[in-house]
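You will see subunit A twice below: alongside subunit B first, and alongside subunit C after that.
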Partner chain A sequence: MTPGSSKWLSGRGKAIAPYVFILPPLAYLAVFMFWPLARQMWLSLTDTRLTNPNGGSFVGLENYQWLFDDPEFYTTLNVTVLYAAVTVVLGVALGTISALAINRPFPGRPLARAIMLFGWAVPNVAASLIWLWMYNERSGVFNDMLASLGLDRVSWLTSTHMAFSSIVAVTVWQVAPFVMLVVLAALQSVPDEVREAARVDGADALSVFRAVTLPHILPSLQLVSLLVAVWSIRRFDIIYLLTGGGPIGSTSTLVVKIRQTAFESHELGVASAYGAIGLILALLVAFVHFVTDRRRQKWMAQ
Partner chain B sequence: MFTRARRSFLTGAAALIATAATAMTLNASHAQEPVTLVIANSQWVDALRGKNLWNAVQQYQKAAPNVTLVQEAIPSAEFADKITTEMAAGQGPDIAMMQDGLFYTAADAGFLVDIGKAVEGVENLNATNDHGVVNGKRLGIAWQRAVYALIYNKPLVDKAGAKVPVNVDELIASSQAVHQATGAIGFISRHQVSDLTGFFMDFQNWAYGYGVNWVDSDGKLTIDTPEAVAAVTAFKKMYDARIIPVGDDFPTQRTRFKEAQVSFGIDNSGGTLNIASGAALAPGDLAAAPLPFQHPGAHQQIFLGVSTHSKHQEAAIDFLAWLVGPEGQAALREASGPDALATDVPVTEAFQAANPWAETFAELAKDSRSTLIPGYEVQTTQIMRVVMEAVERVLVADDDPQAALTRAQRKIDAKRF
Partner chain C sequence: MTSTIALSIFRYVLIAALVAFAGFPIYWMASTALSANSELYSTGQVPWPQLQKLPELISAMAGVPIGRWLFNTFLIACGTTVLSLLLGSLAGYALSRFRFRGRGLVGFLLFMTQVVPEALILVPLYAMFITLGLLNNLMGLVLANVGFSLPVAAFILKSAMDSIPYEIEESAIIDNCPRFGILSMIVLPLIMPSVAAAAVIAFFAGWNEFLFASTFLMDRSLWPTSVGLASFIGQYETPLSAVMGAALLFSVPAIVFFLLIQRQIVAGLTAGAVKG
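Right, the complex of A and B next:
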C-alpha cells in the first residue's frame, strides 16, 4: 500500500465513519418505528378488523370521515389536549419549584431528594393501584381524612367533575420528580459567580432568578415540557387503571379510545385513524417546541 | 361363479383387514405419540376454584397418558382481548374456554373447527349446548353455564331482622336495614362502564327482570322501550340509595362478600361458589333466592372450542369427547359447584348439604336467558356499550332514563348493526 492510497483510505474512512455509526440506530428505528408507523398509517386507510388483521380493503379517508362526523371524537380530542396541557403546566411548575427548593444545601437534603423522586421511581401500574385505593370512596385514605374533618365523602373517580382532576393529580405526582431532576441538573450548571455579581449589583432574589437563573434553565424547561406533553398524549396505564376513560368519557383520551375501538369493536382501521390523530398532535407539539426554541435562540443572541 | 364369488369375498376381507390394521396402527401410534394441549381459561387464575377445575381436567391424563395438558391462564378482564389477538395472529391455545360473546366472535371469524366428532354418540347432551352449533356446524360444547341469583349473608340478614326482598324497593329497604344494624355493606353490584363486559352482563338481569328483549318480533333492535326505561329507573333508584360501595371494582366487592362484610348481591353461580370457597363466610351461611324482579334473569355461558390454528386438533377433539363423557363430566361436576354442565350431572349430596344455596341456582337455570342479544350475538358488546353509556349518564349525570335511552336508540340506529 502506498502512502498515497493510505491517505486516500483514511480520508474515505473519515467520510464513511459517520454513516457506519448512524446505520445501526437507523436500522433499529426503521424496523421498530418507521415500518410499524407506516403500517399503522396504511391500516388507517383500510377497513381492517382485529379478527382478520391481514384482510382489510382500502377505503381511502372513510375512517377519518367517520371520526370527524362523530361528536365523541371531539370530546376525546378535548380531553387529550386538556390533559396534556394541564399536566405540562402543573408538572413542570411543581418540578421546577421542587428543584429550586432542593438546589441549596440543607440538613437531610439527600433524604428529601429520595422521597421527592419516589413518584418517578415507582412503576406506573403499582402506583395507579395504590392511588386507586387511596381514592376509594368507602375506605380510601382521602375520604377517611375528609370524614375525620366532618366533611362529606368525595367521588374522586366516579363523578364527572372530579375524575379528570384526580387522574391529573396522579400524573403530576408521577411526572414532577422527573422535571425536578432535569431542572436540578440545569440549576447546578448556573455559574455561582454570575449570580453573585447580580447580587452585588443589588438585584433581589426574584431579579436574580429572572435575569440569571431562568435563561440558564430555559432550554431544559422547554425540552422537559416537550417530553411531558408527548408522554401525556401517549399515556394509557394511569388513566385506564384509574377510570378506564369514564365516567361518561370525561377521562377518555385518544389512547384509551384506541384500545376500546381496536379490542371492543375490533375496528383496527378506525383505531389506527385515532392513532394517526395522536401522532399529528404529538408532531404539532414538537413543531411548537421547534419554533419557540428558534425564537429563544434568536432572543439570546441579541 | 363360485371362484369369482370367493375371490370377491377374499378381496373384500383382505381390504377390511388391511383397513382395520391401518386404523389400529394409526390409533396405536396416535395413542402413544406425545402430545401437548394448551388450554386457555380465565378460571385458572381463580383462587381454589381454578385449582379444582384444573385437577378435574387433568384426570384426562389417566385415560390418555401420552397427552400433557398445559394451562394458559389469562385474567378474565384481558381474556377476550388476548385470545382474539392470538387467534387473529394464527397463534393461541389448542382449546379455549370462552364466554359466549367471545365464542360467537371466534366462530364468526372462522377461528374454530368443527368438533362434532367429540359429541358423536353422546345422547345426554342438554340444552346448554344448543348455541354451540353455528351455521350447522358444532363449534362449541358447554363447559359451564352460570345462572344469576340474589345471594345474601344469612346471619347478617337474620341479625338485622330484614326480609329477603322480592322487589327493588324491598331490596333497598333490607340492604339499608342490615347496614344500619350491622355496619355491613347493603348490596354489591357492578356499576361502571370501565368494566363494560361484566357490567352489561350483570345489568341484563335488571333488563330481563323488567321484561326487556332488546329486539322486537322483526329482529329490529329496540333500546328505548318502556320496559328498558323501567329497568334503568329501578337501577338508578338502587344506585341513589347509596347501598352499594360506589367506585369498588367487582373483584373487590366479591372479596368484601367473602369476608362477611356484605349483606346482599346479585351474582352468578360461579361467582357465588368463589365467594363460598375458603374465606370468612362459611358456605352454610350463604343463602340464595330468586332475583327481586318479575321476570326471569340471565345466565353466563362458557363454551369450549378448538382453534383452527391448533396443530393437534384430533387430540383436542379426543379430549373434548372424554370431557363430555361420564368420566369427564363427573370430574368436572366436583369442581363446578352448581353450574350447569354439558350433560345433566346432579351435584353430589355432600356438596348440596355443605352448600344449601346451590339448589336455588339449579331452579333458576330452568328459565334463565343468555346475556347476548338474539340475532346480534357478535355485536352485543358494541350495542351494550351504547346502552351502558346511557345507563352511566343516568347514574352519574342524573340524565332522564327515557331521554338517555332514546339517544342510545338513535345512536344504534345510525350505526346500523
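Right, the complex of A and C next:
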C-alpha cells in the first residue's frame, strides 16, 4: 500500500486534501512545540529573568560565554553523557538477559513476566517515592539489610560516590523491562530449527547466541538503545526527586539544571543556553541512530 | 547431562533474581502502606504486609487529599487523550494516505519532537502561558502535554492505517462521502486496537506527567497526584504508610493497563523511531 498510489484523488482536490488533514496537527505543534523551541533559542541570547519573562534584552553570546567559563557546566555535561551511556549499556544488557531468560516456557512464566514489567509500568513519581524510602539512610530497607549483616550504613543518595550509581539503578529498573519486551518480540523471528541444529552440532550456548540469535535481534537492540539514550537525556522526575541533581552536582543532568537555573536561580537566559546544548545532544543521538541505521540497511541488502 | 541440569538451575536462579529485583520495590510499597506505623523513620518496618492494618491505613489516608488529586489527574489524562487522538489521527491519515509536497519534512518534524526534552520548552511555555492566562490552569497543562503525545499517536495510527487496503475507502470516495467522515466512520473503526493503544499511551503520559504540572500549577486545588505525592518529599508530618498508600492507588491503574496492552504500547513507542 503505497501512499499516493491513490488513483482516487484527482484535480484540485488532490492538491488540497492532504493539507486539510495535516494543517491542524501541524499548526498545533507550531504553536506549542516549534515556536517555544525557537523562542528558547532566542532567550538564550538574552538576559531574561523569571521576574519578567517577556522582557529582557539581547546580549549576544554572553550566556554561552558564561556557561563555557563555568566548571559546573562541564560537570553537568559529563554527568548527562555518562548517565545516558551507562543507562543504555546496563539497561539494554539487563533487558536482553531478562528476555533470553524467560523466552522459553517454564512453570509460572506469565506471572514472572508480569512482575518483571512492574518497574516500567509504575508512574515515575511513585517510583521515586518508593526508592527514596528504600534508600533512606536511617531506616531504609537497604541499610537495614546491611546492618543486619553487620555492615556499615551507606549514604545512597547523599554521598558523591554513591548517588550516581543509585540513580542509575532506579533508571535500569525502569528501562530494562521495556528493552525486555522489545527483545522478546524480536526473538520471535529467530528460527528455532537453526538454533536446534547448531546445538545438535555441538555448538555451545554462547556461540549459538552469537551466530544465530544476535544477528536477529541486533536491529531491535540498536533501536532500543536509541530510545533509552533519548529517554535518559529527557528524564527529569526521578533525578530531580531523588537527589535534586546533588550532591555537589554529581547527578545533575542538563534537564535538571535547566529547571533549577530557570526556576530557582531565575536566570532564564542561562537556562535556555543549557537547553540549546541539550537540544544539540538529543539531535546528535538521533543523527547517530539515523546514520548507523542507514549503514546497517545497506549492509543487510548486500 | 550434568551440564544441562546445571544450566537450567542457573536459569531458574537468574529468573528468581530478576523477578526479585523487578518486583521488590512494589512489594515494599505495599508492605510499607500496610505497616501503618507512624514511627517508620525511626523504627524501620516489618518486612511483610499486615492486612489487619488496613483500617489504620484508611484512617491515616484521610489526611491526604488523594481523591481530589486523582480527579485532577484523571481530567488532565482525559484531555491529553482526546486532543492527541483528534489531532494524531488527522496527521496519521495524511501521512498514510497521501503523498504530498513536504511529507518528508512533516515526518521529520514529528520524529524531532520525540528527541526534544520537555525541559527545553518549559521556560518559553511558561512565558507564553502567562501572556495567554493559561498558567495555573489545567487546560494549559493539557495543551503542553499534547505537543509530546500527539506525534506518538500520529505514528501509531499511521502505521496501522498503512496496513489496511484503501479499496475499502474507495467506494465511499466514489459516493462522495466527505473525507473526514471516511476517516472517522470507516478507517478508525478498522484499526480499533491501535486507537486503543494510542489512547492508553496518551492517557498515561498525562497521568504520569510531573515536570509541566509542577511548574505550571500553583494552586493546591489543581494539583494532580504526581505533584501532590512529590510534595511529601522532605516533610515528615504525613505518615509514610499513607504516602505509600496514595502512591499505590496512583500506580495500580497504570500497572493494570500497561500489562494488559503491553504489546501494542511497545509497538507504538518504537513506531516513531523507525522510518517508512
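Just so we're on the same page, the second predicted complex is superposed on the first by the 261 of 302 C-alpha atoms of A that agree within 3 Å, B and C clash if a C-alpha of one lies under 4 Å from a C-alpha of the other, contacts with A are read in each partner's own complex, and residues count from 1 in each chain.
Rule of thumb we're sticking to: a contact is a pair of C-beta atoms (placed from the backbone, for glycine too) under 8 Å apart; a residue touches a chain by one contact, two chains touch by 3 or more.
These numbers come from a predicted model, not from an experiment.
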Touched partner set for A:138, first subunit B, second subunit C, both or neither: both
Contacts of A:53 with subunit B and subunit C, given as first, second, both or neither: both
In the superposition, subunit B vs subunit C on subunit A residues touched: C
Touching partner for A:254 - first (subunit B), second (subunit C), both, neither: second
Subunit B versus subunit C as contact partner of A:64, first or second or both or neither: neither
Touched partner set for A:263, first subunit B, second subunit C, both or neither: both
Which superposed partner A:73 touches (first subunit B, second subunit C, both, neither): neither
First, second, both or neither for A:33, with subunit B first and subunit C second: second
Contact residues common to both interfaces of subunit A (with subunit B and with subunit C): 53, 136, 138, 263
In the complex, subunit A residues that touch subunit B: 50-53, 135-138, 155-160, 243-249, 263-266
In the complex with subunit A, residue positions of subunit C that touch it: 7, 11-12, 14-15, 18-19, 21-23, 25-26, 28-29, 32, 40-45, 47, 87-88, 90-91, 93-100, 103, 106, 109-128, 130-131, 143-144, 146-148, 150-151, 154, 162-166, 169-170, 173-174, 179, 183, 204, 207-208, 210-211, 215, 225-226, 229-230, 232-233, 240, 243-244, 247-248, 250-251, 254-255, 258-259, 262-263, 266-267, 269-270, 273-275
Contacting residues of subunit B [partner subunit A, same complex]: 80-81, 84-85, 87-89, 105, 108-109, 111, 185, 192-196, 245-248, 381-382, 385, 389, 392-393, 396-397
Contact footprint of subunit C on subunit A as seen in their complex: 1-4, 6, 8-9, 17-22, 24-26, 28-29, 32-37, 39-40, 43, 53-54, 94, 97-98, 101-102, 106, 112, 114-134, 136, 138-139, 141, 144, 173, 176-178, 181-182, 185, 205, 223-224, 226-227, 230, 233-234, 236-237, 241, 254-255, 258-259, 262-263, 268, 271-272, 275, 278-279, 282-283, 285-286, 289, 293
